[in-house]
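What follows is a group of structures, each given as structure tokens.
Look for chain A in each of the two complexes below; its partner is chain B in the first and chain C in the second.
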Partner chain A sequence: MKKTVDVSLPIGPLHPCFKEPARIRCETKGERVISAEMDLGYVKKGIERIMRGRPWQEVMFLAERICGICSVIHNMVCIETLEKISGVEVPERAAYLRVIVNELDRIQSHILANFSYCYTIEHETLAMYLLNLRETAMDMLELITGARVTCAYMVPGGVRFDLRDEDRITLEAALDHMDHELRRYVGMFEHGPLVAQRSKGVGIISREDVIEAHGVGPVARASGIPESDRRCEHPTYQKLGFTPLSYEEGDNYARVMIRFDEVFQSIDLIRRCLANMVPGTIRGGGAIKAGEATHAGEAPRGELTYYVKTDEYGRIVDITVRTPSIMNIESCAHYMLEGVSSAADVTSTFISADPCIACTER
Partner chain B sequence: MSFLQSIKNSVRSKSIHVSYVNVGSCNGCDIEVLAMLAPRYDIEQYGIYVHNNPREADVLLVTGAFTPQWEDKLKSIWDKIPEPKVAIAIGNCPISGCVFNRRGSYVDPPVAKHIPIAAEVPGCPPRPTEILNAVLSLAPLVFKDYEEKQS
Partner chain C sequence: MATSLSYYLREMARGEWLRKFLFVKTAPYETPPHFRDYPRLTGKECTHCLACMMICPTPGAIEVLKTENGWNPVIYPGHCIRCGLCVEACPEGVLMSGRILESQFYDNTGYASTFHITVDRVRCMRCGNCSVACPVNKEEDPQLAATGTGANDAVIMRVKGGELQILHEEKCTGCKTCEETCPNSAIRVARVVEAIHVPEEEG
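Showing the complex of A and B:
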């Protein structure tokens, strides 16, 4: 059968809306997109190849440089895999501190994703409000860990720094500030008529299609799969009584709203951690032994899996990382973008899936 | 200094258009460049605008350790920027390759091999204020009296 294609529309690799280089090849009929394909490979560095044969002390820093937005979760999952291999126990206070830092990282990542979405639908006011609010979360990360992005806070057997009492007061005040301000911005997003026109009913992906495309993270939870959240299986989160959230619609609006809701949830989790924490040691001992293990954690974008094999000197023999964005990019290209009614919605739908190209290609 | 040049100087001092290109970074520096947009840093009071369109840019911020895919593309992006133009390397990656410059990786640093780099901001990643400071201190050096320096 002859296919009727009016225009083949390439978007990228350098595009005002994209933070990172990626290319979308759309086949359009008029402005309606018939099919889309992703071209990746612009930032492939071969990190896993450099990691092999190096001691874990070096691999730890390479692991958090896989992705600059969600560097804390890469650090956390890498360290937890090493702990799983060696049977190292984490002190209780350190486990709570890990959750606090991880949730702060999730807050800034989700706010950044929603900033990009608002910027793409050209609601610049809301975008700038969100970006300014993100700086508060970055300040708190810097306060606790000592660095804004690549903090290397977690080490096998604990964390590097304790949370001082005066910092705890600052953190609580910052959480109240973020909670209060974000409620206002979410109200602007929820009730904005123009936002609704650009977001509701655009880029729909059904529950069956998400399962078919192996979508993870907020993309899966926006289409009604709450059990996709790997935090349910983490012991510290279970202790905190974590229950995942979900939306049913599966459109751009649901994907942005689930991130806003998860920010509130993260703020709540941090408050519960601060309430449960008792003074104690933050760094136990332990040596890395030989063995292999697979461990998964919930990155801001979905499930992140590490397979690590070590030798008796603590060197990494083999490592494989599976990052969440590749599945979300596939579900975006093959399901969400199909039938999108204008070229402007292509970029906004792509950004709503929150792709992280640096993670994907490593 | 001619009258025309003085007009150009005053216009250019308050209109610096910035574009950024990621040639294989981990995203950390890109996000710090993006964080620079936040109202806290208020870059528009200095007349800096981030467009991410090379054709209307004056300053190109390069992040990343240069992957093989960009071999031809970075040069063509650089050629698209109208004169006067300047490129700034953001982070350790375009300067030295940072942690990625090891045996077995695909990167080919420094970026200065491929396009002329006027300034370097080290850090992994540098803070938004440092990036802002680099743009602000470099722009008057390059853009002031540009035409008279050429002739």
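Showing the complex of A and C:
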């Protein structure tokens, strides 16, 4: 009889499946994973230290450079924290424009996350279809803000550019295109026998375990915690009648499907914004005052929290950022990877939690 | 199996499929006109107000230099992050980038900046270097600039009665010359920028 040897299997820091460096140390029995541990710290930037002592117009650009995939939400939460400190009101049109850009960013981030998942389970055709569709969302971001990734769209008291009528028509056409195409791709993912076998029942995390591990974002919502969505507390989203989605299974399949569903939800939210928007001012003015505040928003990966302290001229004295990925990475390592039956499922489970190492290490 | 194979065979037998497979190329990538590129000069006259330099969030990305054609901003692409704030801050429309300049007039948006000077009383040793170096002070009181002593109260800051006093903070243009000349890093200029919808008409 073949003897089973216990092996410590390191995956990373450099691995074709990982977009960013991280290391998973798996204790395995044969190929079955008994326990796993994450090693982080390969791409530390120290960006919070760079932000200190600088005025908002510099910090806002640094904030969106924390993460390259979800840069808009970093900008939005940073600016909303500053607005909370100084009591600045946002005009209605600007509030809707913020939601439009934020949801476009969420669409491209979710599609990119699902692209990585499909790529990791070796379904490259679907992955490339998704990546191609993501370009439509990126083009729309560029159309509204002038840049694909580092949009720098929100400023205290409003947004930088208005949405023109001709751009609105292009945006509506792009939304219809994305809606139509994505339905095909979701059908491929949902009904493809190979995809389902690789994803269903793999990397399960229960509702209690998610609460124990403080999982946030799609990871929490895939395990049946819809109220973890911070968008429920945002006034503009409340006005749009936002209700969070959730799945009960908590496996890789549920985590990918919740992202697909949220893309459809985001498309719907943008359409509702466009319907509700009336012409008006897009900047309300208002200088940043002294004070400190903590504010949280929903990034594509979960709850993003900023603590900011400013002096009387609007310079940042102290800033702390808590990004969602650290909780998701830990819940992945300690709960999802336990009992995974092969080394190939380790990477796919890790990618299904959508880790963003650049966010985590800042 | 047989149906899918026959589907592919029929699909490939179509002339259009074969033509596409052999000859279709991806369209060349064109930078869209709304892309926020590095700022370019529009050809309008620069008045050397330095508003672009003052609002720039990156160190060393833009400088206003004197050439044969007068003052003109120069962009250093290695430092520029293409945020487009200089385009929005310029009151004369000297710079352009993507659609920012166009939409600024379309949307009627702009930035209002004020400058505030803070002096650390512990670090300041009342040498007066800042008040001599300040370019606004030089215009207000040429005697102060030439000799280092002056009694004119129209200047921004002056050593008066053994203390460095800030007399006219509102005249500060935010050039930060005082910060650079201070031997003890005691003086700091803070710029407070406000994003506004209707820009204030000056003059």
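Keep this in mind: the second predicted complex is superposed on the first by the 357 of 362 C-alpha atoms of A that agree within 3 Å, B and C clash if a C-alpha of one lies under 4 Å from a C-alpha of the other, contacts with A are read in each partner's own complex, and residues count from 1 in each chain.
Keep this in mind: contacts are C-beta pairs under 8 Å (C-beta built on N, C-alpha and C of every residue); 3 or more make two chains touch, one makes a residue touch a chain.
All values reported here derive from a predicted model rather than from experimental measurement.
Aligning the two structures on chain A places chain B and chain C next to each other without any clash.
When the two complexes are overlaid on their common chain A, residue A:342 makes contact with neither chain B nor chain C. Contacts of A:313 after superposition: chain C is touched, whereas chain B is not reached. By the touch criterion stated above, A:61 is placed in contact with chain B and with chain C alike. Of the two partner chains placed by the overlay, neither chain B nor chain C lies in contact with A:276. In the overlay built on the shared chain, the residue A:156 is in contact with chain C alone; chain B does not reach it. When the shared chain is aligned, chain C comes close enough to touch A:285, but chain B does not.
Looking at the shared chain after the overlay, A:50 reaches chain B, while chain C stays out of its contact range. Closest contact between chain B and chain C, by C-alpha atoms in the overlaid model: 6 Å. In the superposition on chain A, chain A positions 61, 150 are in contact with chain B in one complex as well as with chain C in the other. Those residues of chain A that touch chain C in the shared complex are 55-58, 60-61, 139, 142-143, 145-147, 150, 152, 155-158, 160-162, 164, 281-288, 313-315.
Of all residues in chain A, only 13-16, 19-21, 41-47, 49-50, 61-62, 65-69, 71, 112, 128, 131-132, 134-135, 138, 148-150, 356-359 touch chain B in the complex they form. Residues 21-32, 34-35, 37-40, 51-54, 64-65, 67, 69-70, 73, 77, 98-100, 102-107, 124-125, 127 of chain B are the ones touching chain A in the complex. The touching residues of chain C, counted against chain A in their complex, run 32, 34-36, 55, 57-58, 81-85, 88, 97-100, 103, 106-107, 109, 112, 116, 118, 190-197.
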